[in-house]
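In the two assemblies presented below, chain A is common to both, partnered first by chain B and then by chain C.
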Partner chain A sequence: MKHIPLLQISHLEKRFSVKEKWMSQWSLNRGRSYKKQDTVYALNKVTLTLNKGETLCVVGETGCGKSTLARAVMGLTKPDSGEIYYGDQRIDNLNDRQRLIFRRRMQMVFQNPYASLNPRMTVYQTLSEPIAFHNPQLSRIEVDQKITTLMESVGISPNWVDRYPHEFSGGQRQRISIARALSVEPDLIIADEPLAALDVSVQAQVLNLMMDKQEEYNLTYLFITHDLAVVEHFSNRVAVMYLGTVCELSDTKTLFNNPKHPYTQALLSAIPRLDNNSQKPIKLIGEVPTPYEAIIGCPFQARCPFAQEKCFIEAPKMIQQPDGSSVSCHAVEEQRL
Partner chain B sequence: MKHINKEQVISTKSKHWIHLWHGFLSDKIAVLSLLIFTFYCLISLAAPLIAPFDVRDPSFMSLENSEIAPYWIDGDSRFLLGTDGQGRDLLSVILYGTRLSLTIGIFAVVIQGVLGICIGLIAGYFGGRLDNFLMRCADIQLSFSNMMVAIIVMALFQTVFGIASYQHLAMYILILVIGLAEWPLFARTVRASVLAEKQKEYIDAARIMGIGSGRIMFKHILPNTVSPLLVIFTIQIANAIIAEAALSFLGLGMPVTQPSLGSLISSGFSYMFSGAWWICVIPSITLIVLILVMNLLGDWLRDHLNPKVYKD
Partner chain C sequence: MELLNVHNLNVNFQLKQGDLAALIDISFSLKKGERIAFVGESGAGKSILGFSIVNLISKPGYIKSGSIKLHDNELSHLSNRQMRHIRGKRIAMIFQDPMMTLNPVLTIGEQMVEAILSHTDLRKKEAKNLAIEKLVQVHIASPENRFDQYPHELSGGMRQRVIIAIALLLTPDIIIADEPTTALDVTIQAEILELLKQICDDNNVALILISHDLGVVSRVAERTIVMYAGRIVEQGPTLEIINDPQHPYTQGLLNALPQMSLPGQRLNQISGSMPSLLDRPSGCAFHERCPYAMDKCKQGLPEFLFNGVSHVACFMVEDMLEDLNNDADSTYFDNELDEDLDTSLEIQPQTRGSK
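== the complex of A and B ==
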C-alpha cells in the first residue's frame, strides 16, 4: 500500500492558562506587583503524519493531551505554535470562512453520545442541517432521500427521523453521531473516545459500523482511545502519548509484539490477559504530573525506571527504529534497553 | 412520506405538551390562575365591545354623575361599579385600564426579552472581554433603581416636550422606559444557561460543521434555555404592570384622560377618605388579582419546567 499523507501535524504546541481572571493574575511580592500566570503545557511539539485510508490510534492516560490534539486539528482550539497540513494546504491558521471547505473533508465523533446531540433537535433536524448547509443546491426531497440512506447505512430505521435524542439508547445515539459526521461525506474522521461511554457489547457494534464505513467510503480515522483491546482490533498504526508528547509511534503489530519505550511497555503489561498470567504488570511510580512548567529533558523522566542523567537534561528525539517504529527515548537510542 | 413525517412531528411535540398539560390539570390553583388570566386577556381585548360606555364619547365624562356609589349600595343601575370623581363609569374605565396595563406590561417585557436575550447570548457565547463589558453594563443598570431611572426619564420628557405631546406618547414612553430598565434580568439568566450549554459537545459538533455563530446561538443554544425564560416572562409582565402602576400613581405614568389601573388608583386615592372608597379600591383589587394570578402561573411554570421534575 502506498502511503499518501493526508494529515500532517508538525511541532504542535498548546498551552492553557489556568487563571483566567485578569484581576487574580496580579500578585504582590515585597511591595511590588507582578503578573503571574499559571500555564498548563497540554501539547509539546507533537509531530504526527496520518496516511490516506489508515487508522491511527492515539493512546495514553487521561490528561496527556489526546483530546486537545483532536480539538486543535479540528480547529476548535487554536494551537500556540506548530503547523497542521491537510493534504498540502496549511489549515491551522485559517479563519472560519477559509476553513469551511475543510470542514466537509474532516469530521469528528465525540465521546459522550448524551451530550453530542442537541436535545431539542430531532434526528431529522440534526442530520438535515449540515447536509443543507454544505449542499445548498439540493432540494428538500433530495435532502430527505440522503437522510433516509444515511440512517439506513448506520442501522437506524428511517421511520425514527422525527424522534428526539432522548428517545434513543447510547449506542443508537452514537450511530446518529456517526451519521452526522458522514453526512458531509468527509475523508477524515477524528473520533475522540467514541466508545468510552458505551456498553461493551454496544462498543463492538459501533466499532464494526465504523470499520464498515471505512471500507465503504475509504475513510481515514484518527482514533483516540485508552482501550488497548480496541487498538489491537482496529488500528493500523498506534501513537502512544505521554504528557503532551508522542513517545512511540509504530505499526500495531510491532507495538504489541515489541514495545520499546518504557512507558509503552508498562502500558501494554497492564492489559489483563487470560492466556498468559506469568507476566507481571510493570508498576510505575507516582502519577502523571500536571505539566505546569515547560519540561526540560524527557517528559517521562519522573516515572521511568531507566532514567539517567541525560534524561533530565536533554529531550529525546523521535528516532526511527529498524522495524519501522519511531521511539523517543534515550535508553532505546543508547540500546540500554 | 412527508405527510407521515408531519404527523409524527405533531405526535412527538404533543407528547411533550401532554405531559405538561396533565401536570397542569392536576394543579387546581394553576388552572384557576390560567382561567382568571384568560378572562383578563379576553375582557381587555374586547373592552370596546363590552364596556357599557364609550370612553371617547365627550358625554362620557359628566360631573353631575360624579362619585355615584356602586349598584349594590346606591341602586343606580346605569353604573354597575359606580362612577369616579369625574363622573366616568368605573366599569368602563377599569376595562380600558386593564387593557392599557396589560399592553404596557406585555410590550415592555417583549423589549426586555429581546434586548436581554440578545445581550445574554452574545455575552455567554463569545465570553472574554465582551462578556465582562456587557455584564458590567448589566451591573451598572441594576445598581440604579428602575423606579429612579423611570422617574427621571418621565419627568425630563414631560418638561422637554410639554404635557400635550406627553399625553399622546405616554404609553410608548412607558413601554420603552420599563422595557429598557430591566433587561439585565433576562441577560443574566440567558448568559448563565448559555455558559452551561456551551460546554456541551453538540455545540462543538455544530462548530465543526462550519455553522456560523449567529445560527448556533439562536438555533442551537436558545431553544435549550427556554424553560427559565418562560418563567421570567410571566413574572416580569407582572412586574412591568406594577412598575407602570407605581409610576402612574406618582403622576408620571398614564395621563388622567387615558387611565391605566395605576392612574385610576392614584386618582381614586384622594377620594378615599371622603367616603368614595370604590374609586380606589375596585381598581386596586383588579390589579392585585391580575398580579397574583401572573405570579402563581410563573411559579407553577418554574416548578414544572424544572428538569428534575420534568425530564426531557
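== the complex of A and C ==
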C-alpha cells in the first residue's frame, strides 16, 4: 500500500488556562495561602502523520492529551501553536465558515453514546440534519432513501427511524453515532474511545462494524483508546502518548513484539491477559501527574526506572529505530535498555 | 467449612409492569480465604447479587426467597439494625467509582475512624493508629498526611487504595469488590489488582470480585461464575473456564475478546444483546443468541450438570454427557472413558492461547 498522507499534525501545542475568579485562585493549605497554578500543558509539540486508508491508534492513560488531540484536529478546540494539514491544506487556523468543507470530510464518533445523541431528536432527525445540511440539492425523498440505506448498513432496522435515543441500547446508540458520522461520506473518522461504554460482546459488534465500513468506504481512522487489546487487533500503527507528548510511534506488530520506550513496556505489561502465567506487571512509581508546568527534559522522568541526569535536563527527540518505529527516549538512544 | 452459603436466592423487583425477577435460583458457596469472581455483561445481575448479599437491595427490589448464610447465620431475614453489625465488620464492600464512595466533605481519617468507632470499643487515638496502619498496608506513601486530606486531593488510584484500606479496617471475612478497577487506568488497574490479591492472601480474607473483564478475573480469581440474565450458567475453576468454556455464552464471551482473533480479522461477535428483565425469553434465556439452540432450549430450563471440573447449565452439554454415558455402557474399560471425557467435551475445538 502506498502511503499518501491524509492528515499531518506538526508541533501541535495546547495549553488550557484554569484561571478562575481572583478569589478562588487562592487556596489554603495548613494555614498558608498560595496561588494555584493556572495553566495545564495538555499537548506539547505533537507531530503525527496519518496516511490514507490506515488506522492509527492513539493510546495513553487519562490526562495524556489524547482527547485534546482529537478535538484539536476536529477544530473543536483551537491549538495554541503548531499546524494541522488536511491533504495539503492547512486547517487549524480556519474559521467556522471556511472549515465547512472539511467538516464534511472528517467526522467524529464520541465516547458516550448516551450523551452524544440529542435526546430530543429522533433517529430520523439526527441523521437527516447533516445529510440535508451538506447536500442541500437533495430532495426529501432522496434524503429518506439515504437514511434507510444508512440504517440498514449499520444494522439497525429502518422501521425504527422515529424512535428516540433512549429507546435503544448502548450498542445500538453507538451504531447510530457511527451512522451519523458516515452520513456525510467522510474520508476520516476520529473515534474518541467509542467502545469504552460498551460490553464485551457489543464491543465486538461495533468494532466489526467499524472494520466493515473501513473496507467499504476506504475510511481512515484516528482511533483514540486506552484499551490495548483493541489496539492490537484493530490498528495499523500506534502512537503512545504520555503527558502531552508522543513517546513511541510504530507499527502495531513491532510495538507489541518489541516495545522500546519504558512507558510502553509498562503499559503493555499491565494488560490483563487471559493466560494467568504471564509476566508480572512492571511497577511504575506514582501516577500520571497533571502537567501544571512546562516540563523540562523527558516527560516520563518522574516515573521512569531508567531515568538519569540527562533525562531531567534535555528533552529526548523522536528518533527512528532500525525496525521502523520512532522512540523518544534517552535510554533507548544510548542503548542503555 | 463453608464461610458463605447462598442457596436458591431469588431477588425480584416490584415494578408497575409486574414482579420482575432479577436473580433466579442463585446458589454458590465460598470458603475462607477463597477468591471467586462473577462475570457477565451489564444487566446480568452481578451487581444486584453483590448488593443482596449485604442486604443493600433498595426498594422496589426485595429478596423473594432463598437463603444467604454466613457461618450458618441466616442473613436474608435480618433487620437493618442487625445487618449493620455485619456490614463493614464481617462483609465489606468496594464499589466501582472511588469518588462516589468516599464522602467528599469528610477527611479520609474521619471516615476511617468513624467506621472503627461504630464497630469496636477502641479509643479515638487507637482508632487513628489502626487506620494509619491499614493505610500503610495498602502502600500509601506518607499516611499521616493523607489521613487529614479530603478525597478530592487524592488521585483515582489512591482513592481506591483508601477504600480498600477502609474495607480492611475491621478485618472482615469477605470483601465484595464490585468492578473495583473499571474507573482506573491500565497501569493503576494492574497495581490495584495485585494489591487486592496480596491483601486477601495476607489476611486470609475471601474475595468476591464482580467484573465484566475476563482478563481481570483471570488475574485474581480462583473460581469463576458466569452469569447471564439473572442466572448462573457456568461455574468452575477460572483456568478451566478460560481454557475450556462449556456454555455457549462463555464461549461467545471469550471469543469476542480481540486477542482471540487474528489482527485485522473480524471479531467473533455474539449477535443480539442481553434481554431486558421485561421480556425474558422462555426456556434458556440465551437461546435467542445461541448458535447451537435446539427446540428444547426454547421450552425447558437446563439443569446444572457437573462434568468433572465445572458446573454447566446447557442442554447441549447435557446431551453430550448422555452420549458419553451411553458409549461408556458398551465399553469395558473405565479409564478409557476418562480420556474420552477430556477430549470430546470440547464443543467447538479452538486454538486458544496468547499471541
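One rule holds in what follows: the second predicted complex is superposed on the first by the 316 of 337 C-alpha atoms of A that agree within 3 Å, B and C clash if a C-alpha of one lies under 4 Å from a C-alpha of the other, contacts with A are read in each partner's own complex, and residues count from 1 in each chain.
Definition applied: contacts are C-beta pairs under 8 Å (C-beta built on N, C-alpha and C of every residue); 3 or more make two chains touch, one makes a residue touch a chain.
All of these numbers come straight from a predicted model, not from anything done at the bench.
Overlaying the two complexes via chain A leaves chain B and chain C side by side, clear of any clash. Judged by the touch definition given at the top, the superposed model places A:207 against chain C, while chain B stays out of reach. Of the two partner chains placed by the overlay, only chain B lies in contact with A:161; chain C stays clear of it. After overlaying the two complexes on the shared chain, residue contacts for A:99 are found with chain B alone; chain C is out of touch. In the superposed model, A:281 makes contact with chain C only, not with chain B. Looking at the shared chain after the overlay, A:61 reaches chain C, while chain B stays out of its contact range.
When the two complexes are overlaid on their common chain A, residue A:267 makes contact with chain C while staying clear of chain B.
Annotation: superposed on chain A, chain B and chain C show a minimal Cα-Cα gap of 13 Å. Per the touch definition, chain C reaches chain A in the complex via residues 41-42, 155-158, 185-191, 193-194, 212-216, 218-219, 238-239, 242, 252-254, 256-259, 261, 263-264, 266-271, 273-274, 352-354.
Note for the complex: chain B touches chain A at residues 1-2, 5, 8-9, 12, 200-202, 204-212, 220, 223-224, 312.
Remark: chain A residues 61-62, 169, 171-172, 199-205, 207-208, 211-212, 226, 228-230, 232-234, 252-253, 266-267, 269-276, 278, 280-281, 283-284, 287-288 touch chain C in the complex.
Residue ranges on chain A touching chain B, taken from their complex, read 71, 74-76, 96, 99-100, 103-104, 107-108, 110-112, 115-122, 124, 129-130, 133-134, 144, 161-164, 166, 177, 180, 184.
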